[in-house]
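Multiple structures follow.
Next come two complexes built around chain A: one with chain B, the other with chain C.
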Partner chain A sequence: MTVTAFPSRRPFTLLPLRYFVAAAVAYIGAAAGVAWLAPELSGHYYHPRILALTHVLALGWITMTIMGASYQLVPVALERPVWSERLARWQFVIFVIGVLGMVSHFFIGEWSGLVWGAGVVGLACGLHVLNVVLSIRDVSRWHFTARLVVTALAGLVLTVLFGFALGVDKVWKFMPPTLFPSLHAHVHLALLGWVAPMIIGVGARVYPMFLLAREPDGWPEGAQFFGIVVGVPAVVTGLMLDVVVVTVAGALAVSAAIVGHLVWLADMARTRKRPELDWGLRFVLTAAAFLPPAVVMGLGFALDVVEGPRLGLAYAVLVIGGWVSLTIVGMTLKIVPFLVWYRVYAPLAGREPVPSLTDLSSPWAERAAYVLLTAGTLALVVATAAGNAGWIRVSGLVLTGGAVAFGVAIGAPLSRLIRRTAVAPNGRLLIFERKRSA
Partner chain B sequence: MRPTGAFDQSPFIVIWETTRACALACVHCRADAMPRRHPEELTTDEGKALIDRVTAFGDPPPLLVFTGGDPLRRQDIEILVAYGASRGLTVSMTPSGTAAVTQARLCALKKAGLARLAVSLDGASPDVHDAFRGVRGSHRWTMRIVDHARNLGLPLQINTTVCRRTVADLPLLARQMHDFGVVLWALFFLIPVGRAQADQALPSDEIERVLEWAAETAGHSPFGIKTTEAPHYHRVLAQRGGQALRRRPGRPDLIGRAGRAVTDGNGFVFVDHLGNICPSGFLPMTAGNVRTDDLVAVYRDAPLFRDLRDPSRLGGRCGRCEYRDRCGGSRARAWAVTGDALAEDPGCAWKPAMPRIELPVPVIAGASDVTAEISVEQVTQALRDVIDPELGMSVVELGLIYGIDVTAGGVSITMTLTAAGCPLHEVMADWVREAVAKIPSVEHVDVRVTFDPPWTPDRIQG
Partner chain C sequence: MIDAKVTVAQLLEEHPDLLLVLEESHPHFRHLRNRVLRKLMAPRVTVARAARIAGIEPDDLLAKLRAAAGEVTEAERSGAPEPRVAPSVPPPTDVRPPASLRRVDVDVRADIAGGVEPFARIMAAVKALGPDEAIVLRVPFEPVPLYDVLGKRGFSHWTEPERPGDWSVWFFRAAPSSPPKPVTPTATPSPGASAPLDVRGLEPPMPLVVVLERLDALGPDDELVVVHDRRPLFLYPQLEDRGFVHRTEEAEPGVVRILIRRRHESAR
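Right, the complex of A and B next:
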């Protein structure tokens, strides 16, 4: 079956869904890992198992979701079709293999295997970058979102190369012996160079669509774009070379970007025409509330006012568990039901009654996920800052409950795919559609 | 190759349904074929008389195809083939894929003058084909027929019904066409007549993708691809620069190609097993009977046929389509779906650029000449049923409707979406079309999506 035989103008459905499902599995696993690794998390963060946990989150959860969402949102936000669905499918398989290889070798502390895993992850990331770049190469207007997506892709490439170098350095020493500056630089490059511009950039296009708000404009646009493209290299360089002035300057620029993002978001929420916020949007707005304390802590670290591994871990929880993860949970709760609806019910629209996205969702599961994940993340910030293993374990269990509820929440619409397939009289067509529009 | 518009005097092809008897039980059968022959089928002499009238269309004569049912269920089929060939006709045949098609029988037909054999293959595997044809082993017999034809050097055409059951297999079938060495692959787009069910027909956007794929495939294949009941294939080819229309080196296509769409009653005439003269087998509207009427006269002068050949009488998008002279739309599909053979072809996704040409509303004898008025309020009310699935608000509440233009029997809607990249682009437009089409008296609905001016939340009502 030639997948490209009937080029579709419709959005892919099963392709991003497989990324989302894999990411949700990683998220649940990572939440359970927090409870399991509570003793390690109460100590110093530089521990093989914590590195494994961090990469489950960074790669298996966050990057996996962003990649999948890109195949859904790039056509929406940038109005360009995905260049190759086949490449995206292969990239998914390669990425899963690479992440499993990296995490498992981190966990057992076997570095040569880690390098192989990192290489496979690097290959998958390279294929993703290639696919997206070829998709958007003839974008008609290089607006804010397009520029930040390209910035994020550059950040991904640099993060992967940096991480790969760190992995190789564990086997064949060639980098400066000061490990932690490089480690901190790698983490900040990943979060500020890859994840942040993608969330901010895509959010600028899709938040107004979801909130029914005016497209944002004004000074925050420049603050966000230049804050990231100037601030992130400065932070990374400053951390690597241990030049405090450069780090602080970069941190201020990044902070300006975050402030600009928050101003935009607040403006959209205030002027929205959407009467009631669903749980997905509540997640997104709640996630943004984690940014101010994260910015304060980040500036504190840059100025050496704040220090120590426990606070460093709490800072990471604020950013990764708070802003990034809750935003991703919220957006996933928006995207997954839509993709299922599009695949199962869009062909019937107008011909017979079709459910709304709300009808596909599980409100109690979404509510439970919201309460448990928000509370669990807040508790984990406090517990890691305090270095209390018991509190961390309790926080981890609450987070696990929230992550499972999240899994149930996206499983509810996904089950429509299975039920639809089961009752359909023309199974071959469904197989065809799956290959065509996956 | 015939010039456009040359079908007024003579069809490109005449199909004779020699019998409705068939051993298969195809789920899609247009003819609703049955195991036994109908006692009132045209006799051998009547068949010869029909062939004589086919030659009377003049030079070049139309192609003559013996179809069914299964034409091999007639014992006189070799006689009829020989008679047609002796009268200078190019005779083709579409036997059913059964054990009755032996190499000896095909050899006899070839000696009688059969120019081409066409067999149906609807799936790349026995499972799909046999399930579709309703008889286990049909695929195996079809493969044997293919072998026999190749052994005899008989030019082979494969017919494939394109519907939900079979569309998945098209790419694989294309490779098999290459292996079989066929001269022509004919894609029959399912029309919901006879035993064919409406839910098996492909929607317009999917037909469009299949046609684009077919044009692409034809461009690099040694065999030709033609479509039946998807004349917009010629529009797709024209839009692609006509590259697939050019003959490619490879196997000779012993039967010429029309050069434009051959559609129901326009280049195409169908004579059923009882002698009824119809525009096509998929458009069972009778304009005469060869037992009582002259085939040539009916084709040239019967109002039904003349209307079908007159592009100015076409409705909806077909009527104002810039490709209507080379396409004309599937009249059979328009009839099957709307009950009006001159309505727009609902299987076409093309949105024509030509402005609407308002035609006088015909007065139909015995019916009211007053068209029921459609109000903008009715349309607006219908549009309130079109709900954005994510936002839970109707397109009216969201302010997505920019304009509603009501003409005699037709409604034109200009609308927008909340964002240019909105993935619901096609869905919402189709949904709007379906909702408005449900209003009594609405004969056609045109939906135009624009992003000028772009939508803003200020347009939300209330």
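Right, the complex of A and C next:
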């Protein structure tokens, strides 16, 4: 038995919320960008504006959310306080500047400016990695989540270096002349080496908490961990060097990791004690349904059974728009109300009536976001595969509606930072302005 | 060995099959199949109390449970008569509410049916209750553990079964002639404060709410033991802000015990 007088550094609340708000703005912008750039999206994906759109999603939405969530979930999942709030605040500012610089220069196709933007993004990512590594350096047990978080941080560092090298290569040529293998390797390194281990690792600890399910265990743990640490380097190396057998071997290992993740998720959903799922959890489970077709398409590309830019774009939509984005939307709908509740109501809990998390949410906005984002993503998969600009625009408009509804859904709890509420005995909410503390 | 002081939660954790025996003993125990009711009731109700809730003799229920679990008592081995189970807790006060009280209805039946823990909502209503008001709680079972919780806060209750699976329970402040007994400093922890508070399996932020709700009742020398499935980093600052000290023990992976006491002036 270990006994500790545990360090009780106050968890951050406003800091992660900044990241979530900035990420939501990027998501709404990216959804609108899909409608706006429909003609470009109906053609080949290697287009400066599509690269700009991709980086709004990858950096502004996905990475921004993961970084913000890390500052809330690392203390929960790894039981360690975050090392430095000041560093995280500076990192946020630097990251926003870097992403704006990168996206704007991608959009106008100005590569030297892109390199500067990428350098600033790289600095911000380095500061994030430093902060998280210093936070978890004395974790007592290197369990599944801790190991995958470290794997993801390594993936982030490599992705940033790879991307920076691709940017520098635009100005001073030094990489092999064949662009697409490097581009595909960069995309897969980002998604499988940074995003996937973070979602899978943190999900293993957080999903049981929200589903009220037992902690997962068994063979899927090894399948997921080794599938990623063996499979991702193989996929990236195979793609870069154009060695099909290595790519296929890596793709099979990653597929095993995904199967392990799905088995765990199904087990948690089956053994959950929570009878009714809220919209956040419905998003997470629906997002997982995008994984099987994505795995099939990924294996198809690795085996050269599937090919072509349109299907490549549809594959990206399945993974980025389907699994990753819908998972992030679901987790954000869980995390943001909690952070607001903790900041506003935790000091009052036990002393006076406080609302529940459900009272802070906006069910109609969450429902609208669920319907529109799920339908819009499915429609966009079909539309990009067909290469039909009209359908892509309609899908983009549906997605924009869903993203705005998502913004409203997280805006509802955020509004409690200025309006405090209490529960009356009859169950109705009493709302009154917060007094400004001196 | 199963005895009268074992909680239903402990009983079913060690012998899940005994749920069938409980159900056969009295239909009331079918409520334990409801996950929320089981989570709410089972850790707070001993076997002896459960028998009384169901209106059967504690000894009869104990005998059935032991037989089904294959346990043989010392008394059975030696042939000597086993001592009868003595009431471990006084019967709850059950007096009619004064007619002058204004009723405040709190209906948690939909919450429980939807899998939502109603404890925080009930306690919020209790805290907001005016001096001339009474809570009328509508629940799908008799909320016996709540009698103790609110009894310690000076509330009497009056229970009216409406129909099977539907109860109305009035909670109102005891008459001025019998004010609630003030908490006095004592060297030994009170039974209520020393009972471990198991918050495993509750969705955030309920573990934090449930623990903070319990702090007011903690005496100067009492210790609250919280059983959690992780180190609650969001709870610690709240405890310190309220003048409590805490210590965390990791009994085994996935189970931690947080020991919480009031901070003594000399320790500041």
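Just so we're on the same page, the second predicted complex is superposed on the first by the 410 of 438 C-alpha atoms of A that agree within 3 Å, B and C clash if a C-alpha of one lies under 4 Å from a C-alpha of the other, contacts with A are read in each partner's own complex, and residues count from 1 in each chain.
What we mean here is this: contacts are C-beta pairs under 8 Å (C-beta built on N, C-alpha and C of every residue); 3 or more make two chains touch, one makes a residue touch a chain.
Since the structure is predicted, the reported quantities are computational estimates derived from the model, not experimental observations.
Undergrad: A:342 in the overlay: touching chain B, chain C, both, or neither? Say first, second, both or neither.
TA: Once the two structures are laid over each other on A, A:342 reaches both partners.
Undergrad: Looking at the overlay, does A:75 come into contact with chain B only (first), chain C only (second), both, or neither?
TA: both
Undergrad: Is A:141 touching anything from chain B or chain C once the two structures are fitted on A? First, second, both or neither.
TA: In the superposed model, A:141 contacts chain C only, not chain B.
Undergrad: Touch test for A:172: chain B only (first), chain C only (second), both, or neither?
TA: neither
Undergrad: Kindly list the residues of chain A that each of chain B and chain C touches, one partner per complex.
TA: Comparing the two interfaces on chain A, one with chain B and one with chain C, the shared residues are 1-2, 5-6, 8-11, 75-76, 79, 209-210, 212, 273-274, 338, 341-342, 346-347, 349-351, 354, 356-358, 426.
Undergrad: Can you name the residues of chain C that touch chain A in the complex?
TA: Within the complex, chain C touches chain A at residues 35, 39, 104-107, 114-116, 120-121, 124-125, 127-129, 133, 135, 201-205, 208-209, 212-216, 229-231, 233-234, 236-241, 246-254.
Undergrad: Per the contact definition, I'd like the list of chain B residues that touch chain A in the complex.
TA: Answer in residue numbers: 128, 164-165, 167-172, 200, 203, 205-206, 209-210, 212-213, 386-387, 389-392, 418-427, 430-435, 456-457, 460.
Undergrad: Where on chain A does chain C make contact in their complex?
TA: Residues of chain A touching chain C: 1-6, 8-11, 75-76, 79, 81, 141, 143, 209-210, 212, 215, 273-276, 338, 341-342, 346-347, 349-354, 356-358, 422-427.
Undergrad: Name, in rising order, each residue of chain A that touches chain B in their complex.
TA: 1-2, 5-11, 72, 75-79, 205, 208-210, 212-214, 271-274, 334, 338, 341-342, 345-347, 349-351, 354-358, 426, 428-429, 431-432
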